[in-house]
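The following blocks contain the structures, represented as structure tokens.
Each of the two complexes below includes chain A, the first together with chain B, the second together with chain C.
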Partner chain A sequence: MAKRPKKSEFGRFNASLERFAVLRSRAFAFFLDWAAWGYISYAVMYFLNQYWYTWYVDWYGTLVLPAWGWPIVVLATLELAILMHAFGHGIGMSLFGTKLVTTDADYPTRKQRWRRFLWMHASLVMLPLTLLRTGQDGALLHDRRSETRMRAWKDVKDVLPARKPRAWIRTQSGIMTLVLIGVTFWLGWEITEIDLGMLFSRAGMSARIWKDLVNPDFVHFFQPDPMLEQSIVQGLIESIFIALLATLMGGIIAFPLSFLGARNIMGFSPLGWFVYAIMRAFFNIFRSIESILWAVIFAVWVGFGPFAGVLALTLHTFAALGKLFSEQVEGIDPGPLEAIASTGGRRVDVVLFGVIPQIVPSYLAFSLYRWDINIRMATVIALVGGGGIGRVLFYYKNQVGFLSNAWNQVGAVVVAIVAVIWLLDYISGRVREKII
Partner chain B sequence: MDHLLTVENLTKVYARGEVLALNDMSFSVEKGEFLVLIGLSGSGKSTLLRCVNRLIEPTAGTVTFDGVDVTRASPSELRRVRRRMAMIFQHFNLVKRSTVLTNVLSGKLGYMSPWSSAAHKFSRSDINKAMANLERVGIPEQAYKRADELSGGQQQRVGIARALMQAPDLLMADEPVSALDPATSHSVMQHLEVMNQEDGVTVMTSLHFLGLARRYGTRILALKDGQIVYGGLPSDIDEVRFREIYGEEAEEVGVR
Partner chain C sequence: MKDKYYAGFMRDMPAWMQNFRHLRKPLFAFLVDFLSLIYTWTIVSFIYNTYAHGVASYTTLPWWLMLIVTVEAAALWENFGVSVGMKLLGIRIATADGKRPSMLACVVRFLVWHVSGLPLVGYILTKKGLAWHDLASSLGVVSHEDVETRRLPWYRQSWSLAVAFVLLATVIAAFLVTRVDWHALITNAGRTANIWKAFLSPDWSLLGDGFRLLLVTVFMAFMATAFGVVVAVPLSFLAARNLTQGVVGRTVYITVRTVTSVIRSIEPIIWAIIFVVWVRVGAFPGVMALLVHSIADLIKLYSERLESIDPGPVEAIRATGGTKLQVILYGIIPQIINPYLSFTLYRWDINVRMATIIGLVGGGGIGQRLMQYTRVWQWSQASMMMLLIMLVVWVMDYSSSRLRARLM
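Then we have the complex of A and B:
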């Protein structure tokens, strides 16, 4: 295919957009490196707080920076970022795919890197002016002064002379990645208050509970507990039906709406795009709110009990399946749709004869999978008033101290839950195998 | 002879990358012709075929089919035009999980009311016709199998049966045999030839192999960079013309 013969006005506009895109990815790469140093300095502050708080302490005993401390941190991290940007290949450059080369497509010399490092200060000090005076090839002040250019890696990788690459672990981005992973792990360890010693020092206390748990007491397995007015089996049946109804209702609502959330069905008109965006946002928002939170809301709305649980799980199932379903619709083979359109079929015919036969098996498989999840969820939403087997579980857990065999009964409930989930998992797994 | 299809100044620019797929192309197709489009991959053959029935919206130009301006047709006019021009595809484009019979019957969708198509209710005469068409392409015993259980050649024959259901005036085929082996290729091409000679269906097909084009075509259009570089009899394509169409280093491979 031929390129468009003459470059239009639009083409020139595009070219300037392209230059802007290169500048933008350079800026992102730089800010990413800067942000990495910001993160490291935050971690350093945190560690100082943890281990060495004798220096500058406020009323609450927390180490704080004095007012003049923040500008110093900002400038010091900026300086570090500039230094590393001029003298190596940082994380930002790796992620955004840029590479520093000389104007004659070679690796920069040490002298050029120093010039670049020094002129970058000038560039940053008068940043707006620097950007205004961007050269035709996207070169900034420090690029011109050091005769180096930041280029897209894919453009220069075939031009640069071959050179044995350094081992990843010895490059700047490799070292920085390892440092960031290490810092994150250490910081997380402190923030989540991990204390492995506790596992052993308190082992004796939990040993008693473990002993009771592994000796389950099935006294109320069939026989309803007079206080709870429910037996374990009744609770299980309730949970299974909560999950079943939530899956059915959620799936049935999600089925038609998933087409509205599929780009290949909706992306033909501005209105379609609008509906698509709304549907996707809707799915994502409702999916990201956990069903246990929905259960809190519905337990207040319609009262404690299985109905609140069904509503909560239905809403979450609908959103989760809606998203999965729409992605299935987007992943279908477009060929048959083309064929049905070419016979003179309507858009409806394309969906009925081209789309639906392709997606039904995966819809069923996803719904079964969701049923698995819903049964597991149905056991915990009782915690906030959702009804089902979870209610029985937490009832006995709260009887610890009042009933001598409370932990044994909890053990019985846990055994029952595990058995049912294992069984249903197995069945739905077998059915899924058959469908796909 | 009268024109069945007239293409005037047809242009297609793909917005992304500003690629000119069809460059101001004009030609016409006579009734009863077996027109073969040849050219390198990316020369615009598929785009041209899809612009004719507007599976791809052309950027400029007009397509006139039997007096109807396709490029300016309303959605319902477009449906009426589309059901008179059937299409078969390189990768068959069957609904793999549906039965062969359902795939063939979907050729009738253009004629059906929205209610009967929504209810998947095909009339008895349509089903009989579908079985007859399967018989005609030689695979009546496969009618109730799932389409993806069939071999490539059989799947393309299902595609032909689906096209036959439309009782078309024009049959467009986009590389109908390039996914098939040589022997199967000929049997599929012979079905097209029979449609052309016995039913009087005008055929417009793109083909990769010049050998097939010479054997079946009554006229050849050669495309290069979205333009027609040659139009004429298959027998007139000699070594020089061949190099013009396919480039200097090209060498002919044949399918016998």
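Then we have the complex of A and C:
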């Protein structure tokens, strides 16, 4: 048994917190293994449905897990994860770089591994008690009972007796990784209904489209389409201005608010922390909904048209730039700030003369980057009523079957989009190089 | 390393070609001024027409008159002040000893420019890199560092005033083009009341169904990224400037770069439209659309990384007699493996986002269902789907940024 180390200088409470920090990654590693087995069992269920049940048992039926099946699956996967943990390297252990060794720094014997496996059940059953009774070196009940320890691989690498290394494919985690990758690809292939045969069997059909697409028809390039009352050029101008206005307004709103979302500016008082948390949550929520989904809502709000697109892109731009900006503010050099504060500058002075000069170049660079994204988005936001060149594109796409040259006109719109995006990408790339 | 250009390469060029070396900057400055004036003219006439006649028209004068006016204005601007183009390229017009030109010399230069600069003759038949209008007025184009310049505030310099004016006009035009209507934004807010209410009470009975669709979406992104990597990694070597030398290599480089940048400029949604027609509605066209776009995007990201590798290890292996394969295996791959993984994760993150919206055009997954609900205004069902999308995007975003921070 390892000797009890000295009492932590942080006192009893903090010392136990330290131990829990070690345990957290162990728990996480264990959960990864458990989740891996859960994933495999889901895949098995899916394959049963896909290949056997629906074909041989009941055409329309779906094999679902009965209520009593759930505990069985949960317990079985748990058992498998425990087995992996006790007998070698689980995926989680490999990922965190931990190794199971005995207390006298050797490889555990088979008997020790069995002991560990059995005691682990006891540990898990009385989990709170196990955690409370954690040893000073982070040893849990099953660690102590089997006289084994989890150690970082880099710590025990030189201590462990030399042993011929196995090829990674023959290790437990290697096999498990291969199985997971294989299952994932198989499952993905089935779920997304990939059917390469269809690509070829319908190639003749697509050849007609491609032939029309590469023979673009520019009749309505300058001349507005009488039905649509818009030409391609007008659509492009609309798209460019949508992106411009969205970037401008989003950037202008994000600029002051980014300070409220920066930890080093706000983290001085409880109120500041509160505002910081609110701002960050706000940025994250609005950022995780794509602008095209916002356009759905704004199209209802202000009606179909470019203004809905502007609002949708503005909202998303504001959230995305707000997050990027506030991360920039958090990453600034504190030197100038302290200099200004120590010479008696107020908080406003610190922001005006210490923070802003440091962040302006990266703000501009991020805004340009966002402008690139917005111009791409502005070409398709019309799909849900956002206006711009996409309106022309989807109009002609929907005329397939009614207009003989519908795909040719779609081709013309696509050519125009490519040209504009190419040009603007090039310009903004050059400008960004100059700024940074 | 042997220099490709021997000393005196430029001197041995034909005289007329050498002149272009001197005159490239003035010509380019003129072009910039000319185009910016045309742009200003168009924007201003658009604003004027919209306000005065209520018509969205970009012209007020016949095109030939507009051409004459802008060319003359650009020439005047360049001869009598510092234009935007000149500021951009850092050039000034000055006397031979670097002084500010006199008004008379400027007038002479402006007038002679019409017979020499405008038909481009004077630019070609020159003496010591000086065009006819330079010779006639004994002025020249010099770098702005070589002349004494007055420090003026921005509102007293023509170029910055012009930039400010153009920006202002652009913003006004943008408001007009996109038909910004703040009034509607405020008065119609009630129309969305149902949507916000639905967000507070999503239809939880769709949770299981939604998760199943979410799984389809995530797997669409996964398959597209995984197969995209398989294709993009070998192709990225053909798209790196430093690895493709010689005539064949350069041709391959240019071809791959051009094709990928064309493919990349087309949004995955547009690709999905094509693939939906090709292989019918479902998750498969979504995967194909994401795959095509991912390949092009990954090739660009990967090859840019390849272009910035440290040439040291490569040369060391080549110097010890390593074959081309060994150079790649031991000199290049160790340098790029982590950035490649990081880019792949980044792309996987984008693909998950894209997969959620690609369903809008029939690309399968949760997006397709969301679109069905929004079409018929079933907001509480739609909000359930949106919540799930938010969840997966947030999880992907967080985990991939954590992983990427580790890789970097």
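We take it that the second predicted complex is superposed on the first by the 350 of 436 C-alpha atoms of A that agree within 3 Å, B and C clash if a C-alpha of one lies under 4 Å from a C-alpha of the other, contacts with A are read in each partner's own complex, and residues count from 1 in each chain.
The rule is simple: a residue touches a chain if its C-beta (ideal position, glycine included) is under 8 Å from a C-beta of that chain, and two chains touch if they have at least 3 such contacts.
Note that the coordinates shown come from a computational prediction; the quantities given were computed from them, not determined experimentally.
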- Is A:Arg24 touching the first partner chain B, the second partner chain C, both, or neither of them? neither
- Determine, under the contact definition given at the top, whether A:Asn284 touches first (chain B), second (chain C), both, or neither. second
- Which partner does A:Lys157 reach: the first (chain B), the second (chain C), both, or neither? neither
- Item | chain C versus chain B, contacts on chain A by residue | C
- Regarding the shared-chain residue A:Arg133, is it in contact with chain B (first), chain C (second), both, or neither? neither
- May I ask you to decide whether A:Ser206 touches chain B, chain C, both, or neither, giving the answer as first, second, both or neither? second
- Should A:Val380 be classified as contacting the first partner (chain B), the second (chain C), both, or neither? second
- Task: Provide the residue numbers of chain A that touch chain C in the complex, in ascending order.
- Result: 184-185, 187-189, 191-195, 198-199, 202, 205-206, 209, 213, 234, 237-238, 241-242, 244-245, 248, 284-285, 288-290, 292-293, 296-297, 300-303, 305-307, 309-311, 376-377, 379-380, 383-384, 387, 393, 397, 400, 414, 417-418, 421-422, 425
- As the complex stands, chain A meets chain B at residues 1-5, 11, 333, 335-336, 338-346, 348-349, 352-354, 357-358, 360-361
- Inside the complex, what are the residues of chain C that reach chain A? 56, 170-171, 173-175, 177-181, 184-185, 188-189, 191-192, 195, 215-216, 219-220, 222-223, 226, 261-262, 265-267, 269-270, 273-274, 277-280, 282-284, 286-288, 353, 356-357, 360-361, 364, 370, 374, 386, 389-390, 393-394, 397
- Message: Applying the document's contact rule, which stretches of chain B touch chain A when the two form their complex?
- Response: 13, 18-21, 23, 42-44, 53, 55, 79-83, 85-87, 89, 91-98, 102, 106-111, 114, 117-118, 120, 159, 162, 165-166, 225-226
